Every structure is written in C-alpha cells, then in structure tokens.
Amino acid sequence: MARIFVLNPNSSIGVTAEMDAALDRLRTAGGPEIVCGTLAEGPPGIETQEHVERVVLPIARRFEAEPADAYVIGCFSDPGLALARENLSRPVFGIAESAFHLALGLGRRFGIVAIKAGSIPRHMRHVRSLGLADRLAGDRPLGVGVTEMAGAGVVERIVAVGTRLRDEDGADVLILGCASMGGHRAAIEAALGLPVIDPTQAAVARALGFLALGYGRAA
Amino acid sequence: MARIFVLNPNSSIGVTAEMDAALDRLRTAGGPEIVCGTLAEGPPGIETQEHVERVVLPIARRFEAEPADAYVIGCFSDPGLALARENLSRPVFGIAESAFHLALGLGRRFGIVAIKAGSIPRHMRHVRSLGLADRLAGDRPLGVGVTEMAGAGVVERIVAVGTRLRDEDGADVLILGCASMGGHRAAIEAALGLPVIDPTQAAVARALGFLALGYGRAA
Amino acid sequence: MARIFVLNPNSSIGVTAEMDAALDRLRTAGGPEIVCGTLAEGPPGIETQEHVERVVLPIARRFEAEPADAYVIGCFSDPGLALARENLSRPVFGIAESAFHLALGLGRRFGIVAIKAGSIPRHMRHVRSLGLADRLAGDRPLGVGVTEMAGAGVVERIVAVGTRLRDEDGADVLILGCASMGGHRAAIEAALGLPVIDPTQAAVARALGFLALGYGRAA
Amino acid sequence: MARIFVLNPNSSIGVTAEMDAALDRLRTAGGPEIVCGTLAEGPPGIETQEHVERVVLPIARRFEAEPADAYVIGCFSDPGLALARENLSRPVFGIAESAFHLALGLGRRFGIVAIKAGSIPRHMRHVRSLGLADRLAGDRPLGVGVTEMAGAGVVERIVAVGTRLRDEDGADVLILGCASMGGHRAAIEAALGLPVIDPTQAAVARALGFLALGYGRAA
Amino acid sequence: MARIFVLNPNSSIGVTAEMDAALDRLRTAGGPEIVCGTLAEGPPGIETQEHVERVVLPIARRFEAEPADAYVIGCFSDPGLALARENLSRPVFGIAESAFHLALGLGRRFGIVAIKAGSIPRHMRHVRSLGLADRLAGDRPLGVGVTEMAGAGVVERIVAVGTRLRDEDGADVLILGCASMGGHRAAIEAALGLPVIDPTQAAVARALGFLALGYGRAA
Amino acid sequence: MARIFVLNPNSSIGVTAEMDAALDRLRTAGGPEIVCGTLAEGPPGIETQEHVERVVLPIARRFEAEPADAYVIGCFSDPGLALARENLSRPVFGIAESAFHLALGLGRRFGIVAIKAGSIPRHMRHVRSLGLADRLAGDRPLGVGVTEMAGAGVVERIVAVGTRLRDEDGADVLILGCASMGGHRAAIEAALGLPVIDPTQAAVARALGFLALGYGRAA
C-alpha cells in the first residue's frame, strides 16, 4: 500500500493532530496511507526566517530516514522544498506551493491569510519564484502566533481578514497561510461565500493525484 | 457513491473505449464511480471550429440529463466549458485546462502535441485566456486525424514531435493534445525522459481531488 | 460598391435600429454600404452564456448566406467570432475586440460598462485571450437588461458607473459594453470628460479601414 | 471638408511623393483631403538619434502653422510625437505607433523590417513604452539608407528579411519600418503570404477613423 | 583624476547649487571630481514637453564640449539621454532612470513624487520603456513649479504626497521626481519611515560605480 | 572608517584570494575598508542545494560576530540572504542579486555563465523571485567544478559559452555565475565585445553606493 508522509516541522504535537484530523477526508479504504509526523527538534511554531532555516536540514534528514511514496512539508513557508526535491527520488510537495496551484483552478485571484505580518515578504518571494504574482489578490496578517491558532476567536479573525481580502483586494478564493486550520474550512467558506484552501489538504490531495497518475517528481 | 461523468463529445466509440481504459488507474474500490459516455450526435472527430461549436449545446444538454457529482468534457478544445459551468451546480472540468494546471506542477514550460495544425490557434486562445502563456514552450502538430490516432506509428510520431518540443522549444513537460492517448503515456515518457500528461487523466484526477476536498465549482 | 454587413444577433429590432442610427456617421457618399440585419432566431437580448452559444451557429449561417466584403458581429460577447473567421474568406470583426483595439490608442487603461454582472467573467476571458489584461482598468455592471437599455435614466446610470471606472479604477477611456448605445456617446463623453467607445462604431470603422487598406482577414 | 496633413520630416521630396502615392487608396470623393508635405529643413533621411532630435521642434512648428483636422508624422521613429500631442488640440498620429496598433488586429506577433541596424534600439524603446513588447516577434535590418529605398532590389531584400522574420522569429504580420514603401505592399504580401503594413497608410487610416468617429485626441 | 560632469539643463543656478550640495556626500579625497554645470540657454524649470525638447540638442552640445569620464543629465525627464548616449563614447546617466534602477534594490514597488501633474505621462512612458511598469506603485504630483521647490513648506507637501504613495499605493521606496531636493532626503525619510531616493545622488553614485568597475557605456 | 565584509562561504582560500584581488579596483585611499573572509566550515565549493543549505546558518552566525557596515555573501547562490537581512541591522548584499541589478543598466537581456548545470534551476528561482525573468536571455553551464575554476582553459570555456549566450540567446551583457573570476573580466570582455559582470565586484560596488548614500537596508 502506498504511503504519504506529512511532516509538521514545528514541534507542537497539537498542530500535528489538527493537520492529521483535517486529512481524514482524504483517507479511503484501500487508498494510500497518510501518516503525519512531528519534527521534534523544530521550534514550537515557524515564525521567522531563522525558524525556517533551522528546519531545512532536519526535514531532509527525516524524509531520508522515512520510507514513503510521497512527502509533504507541512509548513506554509515550504522550508527545505528545494533540498528535499534534490535529495529524494520520490515526489515532495510544499503546502504553500500546492495551495497556490489549487487556487488557480478555483478562482482568478487568490488571497492569503498570513499568520504574522513578518511572513508576508517570504510568501511574496515564493509566489514570484513560481511566476504566479499576477494571480495574487493580497496577503494580510492575522497577527497571532502559530501556537495561538487553536484558541477561541481565531475563526472570527480569519473571517474578518478574509472579508478584506475579498472586498478590498478582489480575492475570489482564499488560502489559509497555516498548516493546521483545515478543520475550520467549512465554517470560513460559509461565512465568506468563497472557496477556502487548507494548504495541507491541498498538498495531500496533490500527492494522491501524483501517486494515482504515476508521476515520480513534482516541480 | 460519488459519480464522475466523462463525456467524449465525438461519436467514435473506439475513442471512448481508449479514454475509459486509461482511467482505470484512477478507479479505486470504494472510490467514486468514473463513467465514460459518448455523444452520439457528435462528429467522428472534433477537428474544426465548426465541430467545436456544434457540440457545445449537446454537451450541456447531456450533462443536464446525466446525474453526477462532477463532469468532464473529454475533448482537448474544452468545448462548452463556460456554458456547462454556468448551467450546472456541480464542478465541470475541461481536459485541456486541467492538463495545463497539472503541467504547472510538473515542470517550468509545457509543450503541446496537437493533432492538427488547425487546432493550434484554438489552443493559444485557451492558454492565453487562462493567463498561462508564459508557461507554454510550444505547440506542434502531428498532422493526423482524431480517428487515425489509434493507428500504427502514432506513438512514434508523438515521440518525434515531443523531441522537438523538448529540444527546440525547451519544454520540460509534455501534454498530449488529444483525449484518447493515455494508454501510451508510459511508452512516450520512457522515450522522451519527460513527464507526459494525458489530459483526460488530468481532468479526472482533478475531479477526484475536488470531490475529496468538497469544492462545489471549478473556475 | 463594397458592403459591410452588421448583424445584431438578438431579435430586438429596436436594438438594430439604434445600431443602425449610430453608424450613420460612418456612411459616406461613394463609401461602402453599411447594412444592419437582425437575427430573427436570436433571444431578445444576449445575457447568459446559453444565449451566447445559441447564436453561434446561426450567425455563421447568416453570414454565409449574406454576400458582403466584411462582417461585424453586433454583440459585445463577440459570439461566434472564431467560427465565422474560420469559415469565411472575408474579414470578420467582433465589436468587443474592436473596441479593445481602439481603446489602446485612446488611453492607457480602459474601463468597461457591462450591462449585467454576469457578463463580466465572459469579458475577462475575452480580454485575457487577446493578451490585453494589463490595459483593463475595470469592468462594472449597470445591472439592467439589454432590452431596458433604451429606457429613461440609462445614460445617467452609465455616467454613474463610468465615474467610478474613471475615479476608482483609473480608466482614461471608456467602452460601452453594449451594441446599441452609440447614439448617447456624445452625452456621456461630455459628462465624463473621457473618450467613450461605442463598440459597434469601433468595429465598423475598423472594417472600413481594412477595406480601404485591402486586408483580407482580421485576427 | 476635413483635412489630414502628413508631414515627411526628411527633405527628400521623392520620399514624400512615394508616401503620397501610397495614400491614394485612402482618398475618396467627399472624404477628407489627405495632403503630404516635406520638411525642407530635415536631413535627406532620418537615420540617427541626432537626425531624430533635430526635426522634433521643426515638426511641431510646421504643424502649428498648418491648419488641419489631424496630423501624421511620416517617419518610423515617430519624432516629436509627444511634443505635437501636447501642443496641438487636434489628434496627432505617429506612423510607427499606428502600425503597431494595426498589427495587433492582423496577427499575433509582428515583425519589423528596419532600414538600418542603428534604428532597432529606438524601435525597441518605442514598442516597450507602448507596452507591446510581448507582441513583437523580431526586428531585423535591411542595411540600406533611406534614400536608397527607391532603388532596384530593395523589394527583394525586404522579402528576404521578411522571410527570416516569418520563419525564424515567428512573425505572422510584417511592418515596413519606413514611410515610403507602401507602393510595394502587394508584391511583398504576395511573396511572403503575410499581411504587410505600410505605416503611413496605417496612420492615415487611423486618422480617417478618428475623424469619422469624432475623437479629438489620440494617446 | 576622473571627472563626472552633472548638467542642470534648466537655467536656475539656485537649482544647480542645491544639486551640488547634495552631491557632497559622494565626494571623497582622491575620488573622482564631481562638477555641476548649468545650461544657460535652458528654461528656468523644465515643466512641459516643449521645455524637454528644447534642451535635448543643447545638452548634447554641452557634453561634447565638456571633457569628462562620465556625464549626468540632471533633470527628471532625462532629456536627450538617447542622443547623448549615441553621440558620446563615455557613459551617460539619466537621473530618473538611475533612480528607478536604485529603487529596485531598496524595495518592491516605488512611488514617484512628481512636481507637476503634467509630467506624469512622461514618467510613465519612461518607466514603461525601461520595462519596469510592474515595479511602479504610483506617481502623484506636488503641484508646485520647479522654481518654487526651494520655498517654505515644500518638504511638508512632499511628506504628504509620500504618505499617500506609501499608504494608498503601497510604495515601499520613494523617488523624488526632481533634481534638487537631495538636501531634504533625511527629513523626508524620517517622516515617512521609507528609503527616499534623490535621483541626482542616484545617478552620480551609479557613475562612480561605473568608473570604479570600468564600464564604458550605460544602457 | 567604514568596513565592508565579504564572506566566501566555501572553504577554499584560493577562491577568497581571487575575490580579494578582483576587489582591489574598488579600494580607495580614505574609502571603506573591504575585507574578505572565508567560511572555514563551508564545503570546498558550493555546487548542490545541500551545500547551499549547509552554509545558511553559519553565514548568519559569522556576520553576527563580525562588525561591519555592510555585508556581502560571496556565492552566486546567494545562500542565506533572507536570513542575514532579517537578522542584521546593516545592509546585506547577495552577489547574484547585485549582478542582476547591475545588468539592468548595462544591457537589455543578460546571459549567465553557470559553473554547473545543476545550479541553473536555482538561478531561475532567484531571477523569478526578483521579478526579472523577462530580462534573462539565457543561462548555460561551463560544466567544471568551483575548485577547477582557477585552472588553465577556463577563460576559453567561458568565452565559448558566452559566445552562445550572445549569438544564440541574444544576451547583450554577461554575468559570471561564480564569485572568483573577476580577474579575467577584461579578457572576456575583449573576446566577446560585451560588458561582463563579476558578481562580487557588483555587490561590493553596490555596497559602496549604499554606504555613500546612507541607506541602512537593501531589499
């Protein structure tokens, strides 16, 4: 049976549990096994460029030690994506990149709900390096920490930020800039009337497609 | 059980059978039913703009009469995509559009193997209307008819055209501009050393992802 | 004497009469004859994708039966433009496409006054397929029906929408997204202080240029 | 009766005579008068940036002294276009700019036949400042002087250069980068099988359209 | 010792003195001599296209008569840049162009503080001809004359306009669209919290880099 | 006295010595001190993504421990640029990024001479993330190792690759994709007739400009 390994590169097992739960809708009897892991040596949340860089090598090492048919890096900064792709002979997916690709087929211009303002320049470099800047409507921060994402009131804040992305920036599809909010997708979609992308779901769905179609590498 | 309906809008049941066989790899026990149909009133092959336009309304009528959870238009001209999307409340996928989206995540610039030279301006309008012209490496014709696609020597011709798209135009991923060649993907990939996209597979894989993720409309 | 045939693909003869009147300024003694016709089998107004698709084949049939030196499709959705171009050996002009081309030489960024909100995605696909998305300032709907366009107060509503296109979206030239408002151009230009394009006039002026210069096909 | 004034800013009256003859097809009984003039103080041919700059002010002065309803600057460097537009209250047309606009509706990518290699950077700045660089297939020089353009063998050289623009650069419409070759358009079109644009004809046709439609300024 | 010649093409010697003072920070013991001159035949300020065109030939003549290792045209319209580059065998820099280049490495999108609204179309043509339109956030006028730039309250007006460029247009780096405000850079940077570019400083710093690196021509 | 610290992130002191020598032309009496260092823990040459990622944190640590007014990362992969910029309060320059910026003002389209074919995708991501893909003519590999760059025949191979970039890809300015070839710039420029950029020189010249102009951060 095929196996997809999803790594949460921060050390918060609650975040891993949220990701895992949101992936249930992609698990099928007889389909690939979808396994989530936590990078014990990661920081509690990846919020700075220093956090990003510190997990790059550990992610590659963990993937190299973990047999799987496809790999997903479960952090919206896609840390270590280039490295894991160069080192591994199986397809590797970043969740941000996968969310951007999915968004192209759900609307004309996507909005990103960033956790922190400091992540936005990182997102912009990523969107531009993929050649998708024309499709970005806007990127606005929630201003909470990764580890606060499970707290009360976060969905309301996401809806408030999403409303501005929709009404002021012209987004017709919304990307959650965080790995662990998939469980709230339906509530946010209902409140905004737009399709909402959980990037972890987007990446695992993409991995399932690659496995079914038999592609050996993503790009 | 969810149901994906794939319509071959030409009347050649051999083409439908080829499409159907190439979709087997996407069928799973417990997964959505994937059903292929043939548009009896279509031409034997869709090769001209007149052929395209003649099937637009019949495709919509057939979809409206066919209960399904997602619909795929099985012709590389994506005839009637805008109409079916406007009329139906379930997601509708064009195979060309789905192939272009998949190609973005398999390489930097895609090449298209067109069946006829006359289809190329139609492809170009489509690629441009999706805003993806920067990612197109080239589009080159085989110069055979849709109904000749099952004949001997067609794979060799596809490989010859694909070689030019790879070496002269810089394509690093190849799209078969035809609904029914999925069965030959592996042979062509082996000959060219590039990932090859069967657009019908691309569209059905996309439909499977939409159903798993619960999106109600494509765009 | 050369003959330009302008077909109103909706069945409202009042609309045809408005178009015809607005073309008077392009008629000259000794110049080409400019003849307007009505597509009897068209809907009263073309407001949905279904309306668009239903007139595609009838327009081609009518053109094929109507001897002329140049043809104009008098509907802002440019229905059947690709088909008529492929089937006829004389130049065929869409009025939307002609308006976009004219706008490039009248300002930097054009605004479109759409009749219905539902037409805007159709306009966007068209603008993008022509590669002109960078020149579009905005597209805003009037929210009236085609057949109401002759009513009182429509000019005032166009001016209100045009004011937003000018002041909020940065348009410096305005396109009327409708075939039959040419008679009100001067009033709207005076109110807004911007050049205003009646797409039917734009297409017929373009046809006159092609005939004078001797070009056999438009693209 | 309306009057269009076309100024040849070089002092070669033979060039003016060629331009004048190529405009005959745009003259109609009852239509605007189309008058060509020569800038006596211009150089025999405009081949360098110094030549361009030397005629900028004289062109504006001549236009200001010459009553007309529309003005055309008859040199493919469009010298003094910004100045004449700022100073005059009537529409002013550059022949290069008008050729680029016309080309957009005759094909996907235009090739330019430059007279001298030294003019190409000037053309590029112009094409880019109009935002049309994506539509340029190529620009290749003839390597003859303006005043040699009337000599034997020039049509053959244009056809040779045009063949490379068509076959190597992918041009599907050709622009003659010179004001006085309109008389040879038909021969070149026949040899190449592509539409060919004489920029002077393009500009005067555009002027005729503006006058008929009543636009007071070009941009 | 190398010599950089900076020409103020307007005749206001007060403007030249301001430019000269703002260049002090670029003068080093043993480094190139930086000499400012005034074009006596220029207008008091360059505010119209007529002003621009009138100084093009005088600038080239003055440069040709003035021995130097690099030349700077000290007017934000970059008058005569193409001519001086074609005629001289040493590098020539426009201050606007140099400011745009510097801005690319100081932020994502630059805002321009224009002196007069009438200059904005000229700036736009320039930005587009350099292929940098995507990096322009906005261009807003102060509405004062060149010769009033030394007056009281000008810094406050620049800050007010810069605030709109930053907050409404999204600029993260600001360009002063004038040759003589370099002395106020620090005050404006402090007020806005953004890097501010004095174009004259930008051009001379670029000239210093070219001389140190040994490049013979700019482009 | 101001101090610019240039770090060679590979451990080859011969490479550092070559960089240091090529920077002599930027050292002036009384000007900033330009000091080159070697990252002892780096690999002998940075040739793979693993090499790149392994030096990211060490570069930041070394910069944080090294007092300077500006920092340069002396490797054409610009490893750790985002991190060093986020962590340090002084300007940090990547040599690749600086070379791209300089190239914009030396020509229309730049060619890159890569050391290894495997670096090209890395360069492409970088060029795209800066939004400069339109200005890239091509990127072609030498196929030698970093540590072989000092060997005999390397200049000849660079000239051969540069000739293809110039003649086949249309480059009019060339970038050496390596930190240590600045000493051969003049020979390569003479052989090719194009301006050639040593990226280390480009970055240090840019640093000198930033220090002279007083900008505290690059972007």
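All chains are identified by letter, namely A, B, C, D, E and F, in their written order; residue positions are counted from 1 within each chain.
We adopt the following convention: a contact is a pair of C-beta atoms (placed from the backbone, for glycine too) under 8 Å apart; a residue touches a chain by one contact, two chains touch by 3 or more.
As the structure is a prediction and not an experimental result, all values here were calculated from the model.
Legend: contact pairs of C-D compared by residue number with A-B, D-E or A-F; the interface matching in over half of them is A-B. At the interface between chain A and chain F, over half of the residue numbers appear on both sides, which makes the contact a same-residue one. Between chain A and chain E the centroid-to-centroid distance comes to 45 Å (mean Cα coordinates, whole Å).
For the pair chain E and chain F, the distance between C-alpha centroids works out to 28 Å. Counting partner chains per residue, chain A shows two or more touched chains at residues 108, 131. The touching residues of chain F, when paired with chain E in their complex, are 25-26, 28-31, 97-98, 101-102, 104-108, 131, 134-135, 172-173, 186, 195, 201-202, 205-206, 208-209, 212-219.
Residue ranges on chain C touching chain B, taken from their complex, read 48-50, 52-54, 56-57, 60, 80, 82-83, 86-87, 122, 125-126, 128-131, 133.
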